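One chain, chain A, links the two complexes that follow: it is found with chain B in the first and with chain C in the second.
Coming up: the complex of A and B.
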């Protein structure tokens, strides 16, 4: 029982990172129909920002100051990426060049990381001491990532239900053409959605940096698990991504514990296939009508 | 001076392909290997060459991916028409690429350890890495004779060499009547190994056998052990020793003491007393620092030295055969004459039954964190 509790805590911590990536996917998808496959490497860039700006023994104050800066820097970067992605598209829903554009962005980030830091996988130190659970030290970054995931879920919920801009974005997700006809500046809102997703992955990468692999080839693992979390939860549903992320984290950790580390990825993908077979729209997703 | 000779001289060149895992999980080792290979090639090109021929270098990146590796070896062998191949460092990449090298009869030398790499599967390929079986023998001997372990658990990465190692280790442990309490795997670049270690902890082994392929993985295993609060003696493979600096950056030097970590190292890079240091290796270190100071300060120089030595062996083989570079000629010469090679590693093992050029007797257990300049480590028990 004690072992299972430890696995659950680690799984939730790791799953929170996947949940944040999943929500970041959703924000862009809802506004544009685009799945930004650069999310994994953008998360790593958030971690890289922490690596570059935090000293070897960081203070809590310095960390708190740098956290929003990391989020804003990544927001600006992702907004530029979004602008470039959307530029050639008349309608992001009907054309799919974004698939190549977002993958290309991911490859470019990976290449830049490779040139910048080579094959190294540097470590970021947290200003927060871990907490003890059943005689074991749990990294504070897991707790912070979990808290951040919940905070971002609440913030996005309030944004989409209480704020005019958020409501406009929700309108786009329901009917892009109708939203455009109603006079909404669709392209501007879509770029804003990219910026918000940058805020999410920037803050997530910064907070989770001490428990992340900040390397040129580690983004793929985060984007895959984040995507699985988003699909399991139901693409477009932030609550679904939150639950999906925790589920993926806990189940893959349990698989590694009970069956072996070689089964982690297989179990995540089996979970994805299982959910898609039984409930194609995901746990909390909405079934969508399709013109045939 | 450039590694690539002028166009005028290129028709006289021997074409050499670097077939390395420059990106992906094998990248840190590949960077070190590249330093050693390119230093050796520069020295050859600045001198009289190999049998009068200069070397033209072609570089490829397998991305530590067998599928990409097959494409890259085809480019090197079929398009660039290289005469010799150096690399790769990852067994599964090599196993995928061997059919292409075999068909073209191109000789190669890399640093791979899977037991599937045999003279039958790769008649023209040699490895300067001690194979998984040899490492298993040396590590079990350390666990039994020095640590007096009665039981052991194994944690390794998910690479092909590691799978060979686990099978060899099971045989060795059984032969010495040491109980195996559990085995676990992790993926390259994994940061949190807590689930795997928690599972192994249940078996309460006397020692944890660690077989890793990168220093970062070693550091993360030790950090996870520390977080878990499981104080167990760690018996590590050659990566634990060779890439100790990367592990120290993650887990700290104190983790090596806390878990009484040992690693396996080539005797050629070790010392017992600080005033008895290995001169051939020190000479290489000086040349590497002059060649690329920034890389030499950052990378594993023992690993660079291993590949530097490999280039020297091939130079001897080509010169002894009047400039011939075909696989059958080079392989036959190395099988018969590797024992006469006088490089940094000392005499190598050449035979028709094994193409692993370094035997278990070239390994010794070390304290990985007791590092002198350029990665020289103190032998265990000194």
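Coming up: the complex of A and C.
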């Protein structure tokens, strides 16, 4: 019983991070057809921002002030990265260049993290004390990350259904040519989508910093788990990514608890292959129509 | 200088020429440091050359087969690690270790091919990327078998011992492997399988109508990649003398992929240039600042992608090609074919039905595209299928060619029930087709575009290619991307004729043709029927043309056949007149 609780708490906490990465994938993907491979390392950069700015014993006020700053800094960075990514794309998405440019951005961030940290694993302290749940100590960051994932889901939902800019972005995802013909400034909306994904990973990295590995090789693992979350839910669906994230989190933490932490990613891979073989459109995705 | 370069045959000879340049560069890069006595550069170039050979087969996988794999580093690593485990830890020696390593590499490579049958593009990329992330983790996790993070030292007696001149057996093997990989890729492209692989990657639908099973070719591509990558992995062990999980992290897989795209996706020389730039620039320039190597490597990759979106070699070839493009583009004329005395190709005429469709129904959601269609096409006839836009003509054609299965109903081809046949099996039954938008493959020469038609019927005599032999040279040197629209249509029709399919489904073949070209086209239709004995089902909006050439006409409206019969009869049918008010002047 106690074991199951540990698995659930850890799984939901980690799953919230995967869900946030998954949603940040979706935002960019819906507007541009691009999957930003750098998203995982950008999340880690959000954590690095917390590491650099938060003192050893941070105050709640300071934390609350720095959180939006982290989100905005990352949003600016990702917007620049998005602009660079979109630059060589002349018209279609049928090119390999974005695979390279986003992966290259990821490699560069990895390199920067490596220069900064060497091989030591620094830790970030949270201003919030953990709490006890049925006798088990739960780090506050897990609860905050979960809360953040749900908040971002609601915010994105409102953005895409209530706000004009959000509606325009949804229009791009449904029919790029029609959106362009209707006079939407597609390129600007796409860069905005990169910026929004930056807000998501920036805030997520900052909030989850105390329970995250801020290292040069952890980004790729977050990318992978976030992608698995998005695929399980159905690429493009934020509700899907939210549910998928928690599923991936709980299942992999079950595996890590029973067989060892090294098997966490292996189980995520097995999940990914399983979903793609059995239900490629995911839980909530629409099956893609094939054109002849 | 520029003129001399432009004279190099850029299409047919380009692959061979690039492969040869590549081989010269590989040999020079290893021989020169050995002669100069630089152990450091010899070692570096041996490793780069092994990476080049992996990138060469990855180039085949990515650009010829269209498969995005970020996991080739794991295939490379599993071959190397198996040598270490079987050879050193279990003391079986290098040879047995190498055999087991090859088996492991092929197994993993084919495991990648399994999801490729189901998903494509970045999905497949992520699956393979994840495998590359997990692979070194498993090496650490299974430390009872792999020696974990400590790695495995491997000594292979004989391979690394220097002779009088400083040459080693391993250096020779590396040169042979890399050269063989380059030559193989160039030669493979000129084979039937090589052409068909590129067609399947460019348009799986069109490929299937040419009798190609795209899944089988993907499997072949993954197998070739696994074998090439596996051998390179085996040789990596004696070059380094040591294997550790650290060497086979996901970064290695990304490096292989980068090399291909940075060099120029699809260019034979691309992987070599890409791997050299990405390996040597950060390592040589930042030799003293090892911490900055990763950043340097990322920046180099990013900058090259921005400056050369088609890769270094790709962008250069593109510029050369544009320089030549000002010269004339060949004309695809039908005259050679129509005026050629073709003998003995017409089968005995019989009044059997080539295509019989009964009760065909097909819905897209709420919309019934076909509401119970019956159609019978007599062998050796030209059968016109007309009707307003959205009446279900193309849907019916797609069903008959196997691209969109019916909800219910039966399709018989020459008496065989083909209702549930996939498109490539229907092609094997003798059904060929063209598309509304011609499926012409711009990365191949005009002549190769014709050859893939003949490739569909390898046992038949390629009489069409022989008839057109006088055009072979000029058509082999030009790509179809400069052809005007009408010429692309003609090329596609010529291709389906070359496939020797006795039944032809033509989807709006005259759209965009000039009046003169239409007259030629009508001649071609009659030629196909009368001289070659073909059965033709033609969907066309040019009613004049249909009425001139067709033996029988079916009129489709809102998913139902509303009239059927010889042209004269249909012409006077009041229901048909109502559909085409004012358009029939025949």
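The working rule: the second predicted complex is superposed on the first by the 286 of 292 C-alpha atoms of A that agree within 3 Å, B and C clash if a C-alpha of one lies under 4 Å from a C-alpha of the other, contacts with A are read in each partner's own complex, and residues count from 1 in each chain.
What we mean here is this: a contact is a pair of C-beta atoms (placed from the backbone, for glycine too) under 8 Å apart; a residue touches a chain by one contact, two chains touch by 3 or more.
Keep in mind that this is a model prediction, so the values were computed, not measured.
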{"item": "First, second, both or neither for A:272, with chain B first and chain C second", "value": "second"}
{"item": "Partner chain(s) touched by A:114 [first = chain B, second = chain C, both, neither]", "value": "both"}
{"item": "Which of chain B and chain C A:262 touches, first, second, both or neither", "value": "both"}
{"item": "First, second, both or neither for A:138, with chain B first and chain C second", "value": "first"}
{"item": "Contacts of A:239 with chain B and chain C, given as first, second, both or neither", "value": "neither"}
{"item": "Partner chain(s) touched by A:10 [first = chain B, second = chain C, both, neither]", "value": "first"}
{"item": "Contacts of A:76 with chain B and chain C, given as first, second, both or neither", "value": "neither"}
{"item": "Chain B versus chain C as contact partner of A:253, first or second or both or neither", "value": "first"}
{"item": "Partner chain in contact with A:221 - chain B first, chain C second, else both or neither", "value": "both"}
{"item": "Set of chain A residues, in rising order, touched by both chain B and chain C", "value": "114, 216-217, 221, 260, 262, 265"}
{"item": "Complex interface listing, chain A residues touching chain C", "value": "35, 84, 87-88, 90, 95-97, 99-101, 103-108, 110-112, 114-115, 216-217, 220-221, 224, 227-228, 231, 260, 262-263, 265-266, 268-269, 272-273, 276-277, 280, 292"}
{"item": "Chain A residues within the chain B interface of the complex", "value": "3, 6-7, 10, 14, 114, 118-123, 130, 135-139, 211-213, 215-218, 221, 253-254, 256-258, 260-262, 264-265"}
{"item": "Complex contacts: residues of chain B adjacent to chain A", "value": "22-25, 27-28, 30-31, 63-64, 158, 183-187, 189-196, 198-199, 202, 214, 216, 219, 226-229, 246, 249-250, 298"}
{"item": "In the complex, chain C residues that touch chain A", "value": "62, 68, 114-115, 118-119, 122-123, 125-127, 129-131, 133-134, 137-138, 140-141, 205, 249-251, 254, 257-258, 261-262, 265, 291-299, 301-302, 305-306, 309, 394, 398, 403-404, 435"}
